[in-house]
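The chains carry the letters A, B and C, assigned in the order they are written, with residues numbered from 1 in each.
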Amino acid sequence: MNKKKKVFKWILYIVLIGYALFTLFPFLWAVSASFKTYKEITGGGLNIIPNAPTLHAYKKLFTIDENFIRWIFNSFFICILGTFINVFLNSMTGYALARLQFKGKHLIFYAILVSIMVPGQVLLIPNYLIIKTFGLLNSYSAIILPAAVNATYIFMMRQFYINFPKTIEEAAAIDGLGRLGTFFRVSMPLAKPAIATQSVFIFLAFWNEFLKPKLYLSDPSKYTLTVGIQSMMSRYGGITQWDEVMAASVISLVPILLLYIVLNRYFMQGIRMDGEK
Amino acid sequence: MTRRKRKGEVAQGWGFVSPAMLVIGIFVMTSIVFALYISFHKVNLFTGYYEFIGLENYKRIFVDTKTRIAFFNTVGFVAVVVPIQTIFALIMASVLNAKLRGKFVFRTIYFLPTLTSSAALTMIFMFLFSLTGPINQLALNLNILQEPINFLNDPKFALKVIMSMNIWSTVPFFMTIYLAALQEVPNSVYEAADVDGATGFQKFIHITVPQLKPITTFVLLMGIIGTFQMFDQAYIFSNGSGGPENSTLTVALQIYRNAFGQNNTMGFATAMSIMLSIVIFTVSFIAQKLNKSESLY
Amino acid sequence: MKKIFSFVLMGLLVFGVLTGCQQPSQDQNPSSNSEQNESNQDSQDTEDNQSSLEGKKVVVGRWGGNDAETAAFAEMLEGFTNKTGIEVEERIYSDYNTELQAELIGGTAPDVFYVDAYMAPFYSEQGVLLSLDPVEFDLINFYDTLSNAFKRDTKYYAVSKDYSTLALYYNKKWVNESDIPTTLEDLWQGDYLTTLKETLPEGVEAMTYNQDMARNMYYAEAGGASIIKDDIYSSLGDSQVVENLRPLIEAAKADKIVTPQDLGTGWNGDAFGNEKTALMIEGNWVLGFMEQNFPDVEYGVIEIPTFKGEKGTMVFTVGYGINAATKEVDAAKAFVKYATGTEGMATWTTGAGVLPSRIDVADATKVEEDPFKMPHIAGAQYATPWQKGTTMDTINNEYKNYIPSAINGERTLEDALKKAEDEANKTIEANQ
């Protein structure tokens, strides 16, 4: 290896590490803040190691409501079910929009795009009225059904499948697989990186969704973890109890971080079959 | 034969998209239609009062000074944030895709901003940029500044702080998507380039960028939609007021302020939303065209 | 081209479905309820009617509080259920305005809910609140300021459950109570703050303040000035208002006072608790906050110094309102009567550590004996309520928008306030 290349590599590492610190710092600060006292958080110290570590905020959160364990269960139930339905439907729709020729395709594609272009604030009340009309208030269906597909990831999957080598599918068709068979046996498995990416972000969205579940669910035992914690947390004269907020955000990010690490290996598995194309 | 295949494909196509269309049709399109209906009326949703006023709400958008300010703020925000976040995400993704030690660790670390709650993030940034905060301290110590800058309360800087915050928190999302897309680029293409003695930079420009075009379309459009609708950071930052001097007033904040709270101007708020959607659609359309025609070969 | 066409087609499609949509939306709101309200107005006193209410259920909407508040609320509910046999279901809001508005429009709102005085004019104007009889709800025993905060025209729309006023807080480590000037003019225009600052450690400011009408209105309106004209329009540019605000702005320009944000803190309480400021003007919610988060800081509380020779402060109050569309009018009334009656209010205010809106409860619970609360209670007599019609949001927003430019010297105070007035009035005009 020549000298120039080596120097370049070193510079690259320095940049990478610099950027890593830049992203890591606020995150670590937030995590460490959850172990600090309120006084230390608001005192403005940038230290990552708490001066006097405390589990006070966590203790408070875990005992915030008798339904706490129930909330965790609800969250996982909604997130896992919701993510599965989404990955399946989004991929299918994105695939059809990218690969199949049929009338009305462009209209559908633009309808899907438009559905994410209208700002959500004015749709909140119409949404509420629709959910109410269908009698879905206070049920998990109110959370899962309207979010059963996600326009953003339909769009993403479409863009992924556009680039897909056609040859693989043609080979599958020759093998006698029908369209559905080709999709499930060939196209889905080959899009692993896209599907893993999609899963993480959809799970994240379900997990963090706050306003809608809060609005649709009135029975506290049905709350998700995010909704439960946030609604029980003290709102004392509009004062944000930062230690509790930080602890709550740490609790909520643990499952997603784990999911990301687990799915990480799929991010790098693609159709890099050499000799193809 | 081909005709039959075509017919089959139409049925297959509709079959594949119908579940999604059903959900979007019922839960999103209906709401949009309702919003559209409201936008032509003077409404009071509480009392069920609807008075048809034609385009009045839309006309107001063009004469309302606050809306104009909000619009230009938002456009400025989009113009700065979208190119930076896209280019940054693309570069970071292709670097992480190269043969590197500790890729896994870097990838996980770079993902973290996605998980940092926006309330916590806003608090950290407001502290960092405050009058007595570390950034001013550092700049004073290094003699870059003679006097501390009131980043948060100075109309010249407030929006820029939000921009940097937004870029910081959105890059990982797009980077992750680019990274997934890069897995689709066959190794053989890069290997062929290696044989030709191409440098890393040449490979980036001539292989990576063109190969990722469909995904760049996605990233650009999502960036455009997200920034045009930017709400929560501006809301937390300014306590909902859009100040100082309207400098952090975005269209989405203006919509929220008119839809909820003391103002009972849902009709105007929905008209603004519809107009914003049209603007987003137009800009997305142009961006997509530009991205497609731009030939880098 | 093809794509543009499909977009147009989409638009047409969307229009086509329009008619189908207007029907349900109209059915779902509590429209013509006003007639029903009137007839419910003079329903019998619940005391005589208790047996018939037994086993009924009311839903009460509120926002969450701290531990003490949650416990006190639960205790009060228990007392109510024991006495009347009416069951209570709680609904806790996080984004109160958004959630409650959606529920009111959807017809699913609680029977009784918290009403912030600030939002009371809006909700009563929308006809979603039942009007309440002052005699039936014993309003004579309340501080007038507090019961009137929920009054529109001649009717009352909610009953105050507790209140907060502003007072001056000082850190005992650095400040002698007797040294604090007795007028705001002296405090801001004299050299007390400058001298104080010289004695303070590096990085500690003498005093923090807020650029917010919710905190500034009592002196902005001193001496009979008004920040509102013709009921809805802003008159911030009024020469008397300008002169009233001048001492504050001049002090801010001279860096005698700073905002908590300048210090990198979210609000006065954080700056004061972390001992970054020696003085602040804050509400009594600070008391519980300091006890929980900064138990070591020694501080004192006094009434706010006079301005233009008069005492002044702000008062913030929240009340219980009854949903005009409720099917349980009698049970809802019974709840409000209990919660704002002598018994319920005593349970609530002593448990939660808040100030009772009823004078008789204040006397009975001896809350005035608390030296920290006393200055706040004294304020209830002369305070300006934070409630002024349905346009205050717009007026205050423009105030917050332009006041920084008066402080950094970009505009004169007159120009900044005039600009704030004009901008607000443009919006208000267009909203009519």
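Just so we're on the same page, contacts are C-beta pairs under 8 Å (C-beta built on N, C-alpha and C of every residue); 3 or more make two chains touch, one makes a residue touch a chain.
Keep in mind it's a predicted model, so treat the numbers as computed, not measured.
Taking the CA centroid of chain A as reference, the farthest chain centroid is that of C.
Looking at which of B-C and A-B shares more C-beta pairs in contact, the answer is the pair A-B. If you average the CA atoms of chain B and of chain C, the two centres end up 35 Å from each other. Chain centres here are Cα averages; for chain A and chain B they lie 16 Å apart.
Within chain A, the positions touching two or more other chains are listed as 44, 111, 114, 124-126, 129, 240.
Shared interface positions of chain C, i.e. residues touching 2 or more other chains, are given as 3, 7, 25, 98, 101, 105, 264, 266.
Each of residues 29-30, 32, 34, 45, 123, 127, 133, 260, 281 in chain B touches at least two other chains.
On the side of chain C, the complex with chain B involves touching residues 3, 7, 14-15, 17-18, 21-22, 25-26, 29-31, 97-98, 101, 104-105, 119, 122, 126-128, 203, 258-259, 261-264, 266, 390-394, 397, 400-402, 404-405, 408, 423, 426-427, 430-431. By the touch criterion given at the top, residues 12, 16, 19-20, 22-24, 26-27, 29-30, 33, 44, 46, 89-90, 92-93, 95-97, 100-105, 108, 111-127, 129-130, 145-146, 148-149, 151-152, 154-156, 159-160, 162-165, 179-180, 183, 193-194, 196-197, 200-201, 204, 240, 242, 245-246, 249, 252-253, 256-257, 260-261, 264, 267-277 of chain A touch chain B in their complex.
Within the complex formed with chain A, the residues of chain C that make contact are 2-3, 6-7, 9-10, 24-25, 28, 63-67, 69-70, 91-95, 98-99, 101-103, 105-108, 164, 264-267, 269-270, 273-274, 283, 285, 288-289, 292-294. Residues 37-39, 42-44, 106-107, 110-111, 114, 124-126, 128-129, 132-133, 137, 210-211, 214-215, 218, 220, 230-237, 239-240 of chain A are the ones that touch chain C when the two sit in their complex. Remark: chain B residues 29-30, 32-34, 36-37, 44-50, 60, 64-66, 123, 126-127, 130-133, 150, 152-155, 239, 241-246, 257, 260-265, 268, 281, 285 touch chain C in the complex.
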